[in-house]
Amino acid sequence: MARGPRCVEHARRASRRVASGILAVAVAGCAGSQNVLDPAGPPNRSVNHLFWAMLIVSSIIWVAVVVAALWALISRRRRTREDLEPVVIVPNERHRREVGIVTGLVGATVVILLLFLVYDFTVGRALAERPSRTLTIELIGHQWWWEVHYIDPDPSKLMVDANELHIPAGEPVQVKLSSQDVIHSFWVPNIIGKRDLIPGYTSSLFLDADKPGVYHAQCAEFCGLEHAKMALPVIVHSRADFTAWLAEARSPAAEPSDSSAAEGKKIFLAGTCSSCHAVTGVEAYGTIGPNLTHIGSRRTIAAGTLPNTRGNLGGWIVDPQSIKPGARMPSNQLAGKDLRNLIDYLETLK
Amino acid sequence: MTTPSPTRQESLGSVRDLPTVTFGHRSLMWWGTLGFMTIEGWSLALIAAMYFYIRQNFLTWPPITIPLPSVTIPTINLVLMVASVVPAWLADRAARRLDVGAVKLWLLISTLMSLPIPILRWYELWSLNVRWDTNAYGSAAWLLVGSHATLLILDVADTVGLTLFYWFKRMPIKAMSDTSDNSFYWYFMVAIWLPVYLIVYVGPYVF
Amino acid sequence: MTNPARRLPPNESAVTEPAALPDATPVTLNEDVLIDDARRLEMTWRDGGGLWGWLTTVDHKVIARRYIITAFLMFIAGGLEAGMMRMQLARPENTFLGPDRYNQIFTTHGTTMMFLFAVPIMTAMGLYFVPLMVGARSIAFPRLNAFGYYTYLMGVIFLYVSLFLNMAPDAGWTAYVPLSGPEYSPGHRVDVWAQLVTFTEIAALAAAVNIIVTTFKMRAPGMSLNRIPLFVWAQLVVAFMIIFAMPAVAIASTLQLASDRAIATHWFNPAEGGDALLWQHIFWFFGHPEVYIIFLPGLGFITPIVETFCRRRVFGYTAIVLSNITTGFFAFGLWVHHMFATPIPELGQSLFTAASMMIAIPTGVQIFCWLVTMFSGRPRLTTAMVLILGFFITFVNGGLTGVMLASVGFDKQVHDTFFVVAHLHYVLLGGAVTPLFAAFYFWFPKVTGRLMNETLGKWQAWLFIIGVNLTFFPMHILGLNGMPRRIYTYLSQTGWGPLNALVSAGAVIIVVSVTLFIVNAAMSWRSGLLAGANPWDSYGLEWATPSPAPSYNFLNTPVVLGRHPLWDTGSPLPVVTGLRTDRREVLVTTTFDAQPDHRHKHPTASIWPLIMALVMAELWIGSIFTPWAVLGGVGLTLLCMLGWGWQSTAETDVERVATEGRIVEAA
Amino acid sequence: MCSRSDQWSVLGGRWSAVSVMTAVALLLLGCERENRRFSENPPTASPTASALVVSQLQPGPAVVRPQVEAPYDDNAWAVSEGKMLFNAMNCSGCHFQGGGGIGPPLMDAEWIYGSEPDQVFSSIADGRPNGMPAWKYKLSTQQIWELVSYVRSLSSLIPKGARNGRDDHMMTKPPESSTPQTKPKMASTPPEDD
């Protein structure tokens, strides 16, 4: 199998073609691209090479076996009833040849498997590399949303966000994973394979993306009623943009300027919102729902379920159970005016 | 070639003179018993493995604030179990001799010796000095002892039933073979208790 | 009798005269005597009439037939659930099923297919055919066998009543804690799952012990270990796997999950020293062998079908036996590859990767042996053979994706996605269900006495092959496109819509194909062509007795001179006589070289298996609602044991007892 | 044999009838317990008048208190949601997992303001003297009803099937599913401040 490397060469070219083909199907909406075959970082790129290599070899084997079976069944087939046909007696020399053939085939199988194994180990080692110092992000899984902590040596600079993950391109970011309730699984198909968030365990992986853009992560371990609607847009910035974004995001929520937003803030604090949601710098410390300090700037609401528009926000506040049945958010009966003010306020939370 | 029709047969001999009741590994029942022993022994082994897996989650064993298990009653029961092997063995011998009188006698003695064991087992559970719902240590210890207790109760019931039958009804001769298998199962029951006893009651003192 | 050895090539199994038989001078048996024996045997072995007879039967063929039919009904039920899931997923943001209902449906689908269809139907095939193939009058423990079936039946009823009570489990067939634990699954839904598993485990274990003892002790004289039919070898290996795999899940579900939920034990509570990963270890220690438990019997079906329709003795009998055994061993060393995404050491992962790749070798060996056999045979494309072709097309695909999944790097990308869903359905539908259909076509005449319709059959076979591939191949791409499994809906921006529509269309084809099969089976059972004893001119002992086999299986116990009895010996059939006809007797032979050892008195009809199963049902179902049910259940169980024992020691009879080296006549 | 089989088929008929009836019974029991009632439209109504009774003595003729159905008393999922709220709203801050401390215990027989669903509802919604805040502005009516059923489950006043098992935390008290029922009685005196 000296053709190994060349297989990979073919694979790389093939992958681009096929992947783009499939991408044509997978429209990247506001949800962002979500595709293993469209790598956005070195780790997934090497996994792709491994995949295409194994796929090509496997396809050859499959075709060979099926053709052999078909040939055997068609070429010497008969239409007679059994008892008219004597039981075939295989002469010794043919039997010896058959032994040779099967031994050869088994040998080939072993060789191919060993090559797969070696290749897999090399890829595994590449993935296992641990960069020296990096930015650290804590990701906490909840039924059914994501809590994100941007860690900083200076604890006062800790930034809490939810349902959106921002990382810089070109440098590995350590993501520490833990769960508040049941097992979830963090998976950004374009960037890296999944890692489970298991209660009682903390694990971590390194996000190493080099293509700025919006990618789509989704919970990959069945976690109950709304497992299907527990997504997490991952935004890969250029280094500069990321620093700017982080600095801006660290500042507490600005005081609303216009009157309606001020009204909305009152409703937010006096009403049911603040008992479940927190907003940094405001008298709202709820822990059941996502932190809303940056809700205004998020691309989606309800954990990647809806584009973040005025209409969707209003619909979600009034009747979340028809959008995400079983989610912890109760329906809220609000007068039209109050609702408008509340949304005005939420939109100021950039 | 033509296949043989069911009514065209040629005899290569007759099995008329073969025995119809056999003992030990010749009899089907012995193999069945062996099969269930394998299942039960393996299940206990798995539970023991889980016990040790749970052990890794604790710094001390038993966990702090949990007292060590008391060993008095377990040790008494252990001695009783080992002793009860003797009448079981004698019942087995008697059965192979087809000596009904001896079988009845030794079965009765086995019953009398084995009946207290499940009762003591109840106090044995409490000698763990921890409840099943206190923590994972309690759960593991209770499951290990409790699952053996379940098998034990079934086997004691088996012995009791056999004894009752032998004393109060005319038993077919093949019951002799069952008697010997019953003893066989009792040896196993005692044998698998030894490791459980060591792990659950002695273990915490050692590690 | 002409020595058949002359008709055999040297490389075939050494054919010898059966050694150490009481006397080896062949006597052709008088037909009138045989017919007379047949009548007496029928009187001795047949079931009582009426409902009572129906409830008390211990005939392994009757019980196994009920087993197969019930399990096939479960296949249909599971299929309907799959259909509902495909309806829901056919287009984005569909509202046919809400999350609550969908989770119950997909959990019931998985649970049904794994626990109530796949394993039971495979063991049931064994319970029906192993005694016939080893030339035994019956199975080793017929009452245990009946008990096993009734227990399984209780489980079936239990799950499906719960489904209609909105009480079906909804945590997935893997029931991962803590989601399935007391805090996140309130109510009794998961308890239903936990106890249902126990029902099916007990049934499977009973079947396994029966198959092992029947194979070891009740083989026809001359059928030494190296002459056991490959079908039976597969069943034997699987029986051993069941014995070592099933207890794990029984413990995990009943003794740990259920007690965590009911009596607050802390097995899976991290705060009290429990461990959520422990569940995954135990579950997959059972769950991975489970896959092989399901498709090894499938591979066992293939050999006799290929041999019969290619008119050639299989190439590499020994190789196939050994690969069965190695698969059985390896299967217990792979479970961690279901847990690559969890925090476990990398070294361990690579070891399991290696093991998971290497297990492809034994399976490969079997496939090559069949290919060679077909090449030098004279194949006839019956429906069964078409389905074998379908096996090659489908199963090999599933096996190759399996090898790919063994790679940690790649597995972490597609684990828990539709790629894995595709893989496991390719393996199970290709490796187990396709051969199972082939087996149905092949052995249907033995069970019913009538042949199935070949034309309808070929349509069904091809539709099934096309349907399966159309349904499950696109799922690979969906998985790579990032579609996780077990989601009840997806947004249209994901772009998964078109392929999902295609998948649902494929599902429709499968439904059509299975419907065709049911129609064909029903029609043929009533009015198919009469088959006769051996319609395919095959070689196994099951074909040496009329179709359907009489209640006593064989007039006289056949004697085996090679691996392919009927092909090796030709006619007349060599037998041993001397089993009593006035009471149920089976011949027990020695474990290794199957020399006649003794005649065993076989149990008669009994109601106790059914009663015992009902008591067990009371125990397990009741335990969900109150712990007192356990106490009551144990008490009733002890009573049942008394009753059961009383009946089995009821009639005394003069026996020839072999003890301490002598034989005593005693009663 | 024949007569026997007939008699059995008769029995068989009776049995099937019995099993059908049990199935129906199960249905009635099973359904509500396993139901997941995500959104109530309109959200469950609150009791009309706050029916607060502090002593058995009543002026004038005996007044019949309007009975209000607790919507979630036999719904396991709603009760578990109530438990989630109980922890998230820091009820334990005063009631200590129901053991009582700053606020009165919720696991015992003493019910100062009554154990009836509507009484518990108004205790939570409108608040009570000596520090119990009024939650009706902070929680939706549905959530308060979920809390009501959870609080009642603490002393096993709701059916066993609906009560929760142990949760994945330190074991501070036996789970509601295995707490013995305590017959509620009115406290003779309101609690003194502390």
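We call the chains A, B, C and D, going by the order they appear; numbering starts again at 1 in every chain.
Everything below uses one rule, namely that a contact is a pair of C-beta atoms (placed from the backbone, for glycine too) under 8 Å apart; a residue touches a chain by one contact, two chains touch by 3 or more.
Owing to the predicted nature of the structure, the values given are computational and were not obtained by experimental measurement.
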{"item": "Central subunit by CA centre of mass proxy", "value": "C"}
{"item": "Which of A-D and C-D has more C-beta pairs touching across its chains", "value": "C-D"}
{"item": "Furthest chain, CA centroid comparison against subunit A", "value": "B"}
{"item": "Length of the line joining the C-alpha centres of subunit A and subunit D, rounded to whole Å", "value": "41"}
{"item": "Length of the line joining the C-alpha centres of subunit C and subunit D, rounded to whole Å", "value": "47"}
{"item": "Centroid distance [mean C-alpha coordinates] between subunit C and subunit A, Å", "value": "38"}
{"item": "Subunit A and subunit B, separation of their C-alpha mean positions in angstrom", "value": "52"}
{"item": "In subunit C, residues with contacts to at least two other chains", "value": "100, 178, 183, 263-264, 266, 269-272, 275, 537, 567"}
{"item": "Subunit D residues counted as touching two or more neighbouring chains", "value": "36, 38, 166, 168, 171, 174"}
{"item": "Of all residues in subunit B, the ones touching two or more other chains", "value": "1-3, 133-135"}
{"item": "Touching residues (chain side subunit B, partner subunit D) in the complex", "value": "133-135"}
{"item": "Complex contacts: residues of subunit C adjacent to subunit A", "value": "7-11, 98-100, 103, 171-172, 176, 178-179, 183-184, 270-271, 275-277, 308-313, 315-316, 319, 341-343, 346, 349-350, 353-354, 357-358, 360-361, 364-365, 367-369, 371-372, 374-381, 385, 389, 392-393, 396-397, 400-401, 403-404, 406-417, 477, 480-482, 484-491, 493-496, 498-499, 536-538, 564, 567"}
{"item": "Interfacial residue positions of subunit A with respect to subunit C in the complex", "value": "22, 25-31, 34-37, 44, 46-47, 50-51, 54-55, 58, 61-62, 65-66, 68-70, 72-73, 76-83, 85-92, 94-95, 98, 101-102, 105-106, 109-110, 113, 116-117, 120-121, 123-124, 127-128, 143, 181-183, 185, 187, 189, 192-196, 198-203, 216, 218-229, 305, 325-326"}
{"item": "Contact set on subunit D toward subunit C in their complex", "value": "1-2, 4-6, 8-9, 12, 23, 26-27, 30-31, 33-36, 38, 76-77, 79-80, 160-162, 164-171, 174-175, 177-178"}
{"item": "Parts of subunit C lying in touch with subunit D, wherever the complex brings them together", "value": "48-53, 55, 100, 161-162, 164-167, 178, 181-183, 186-189, 260-264, 266, 268-272, 625-626"}
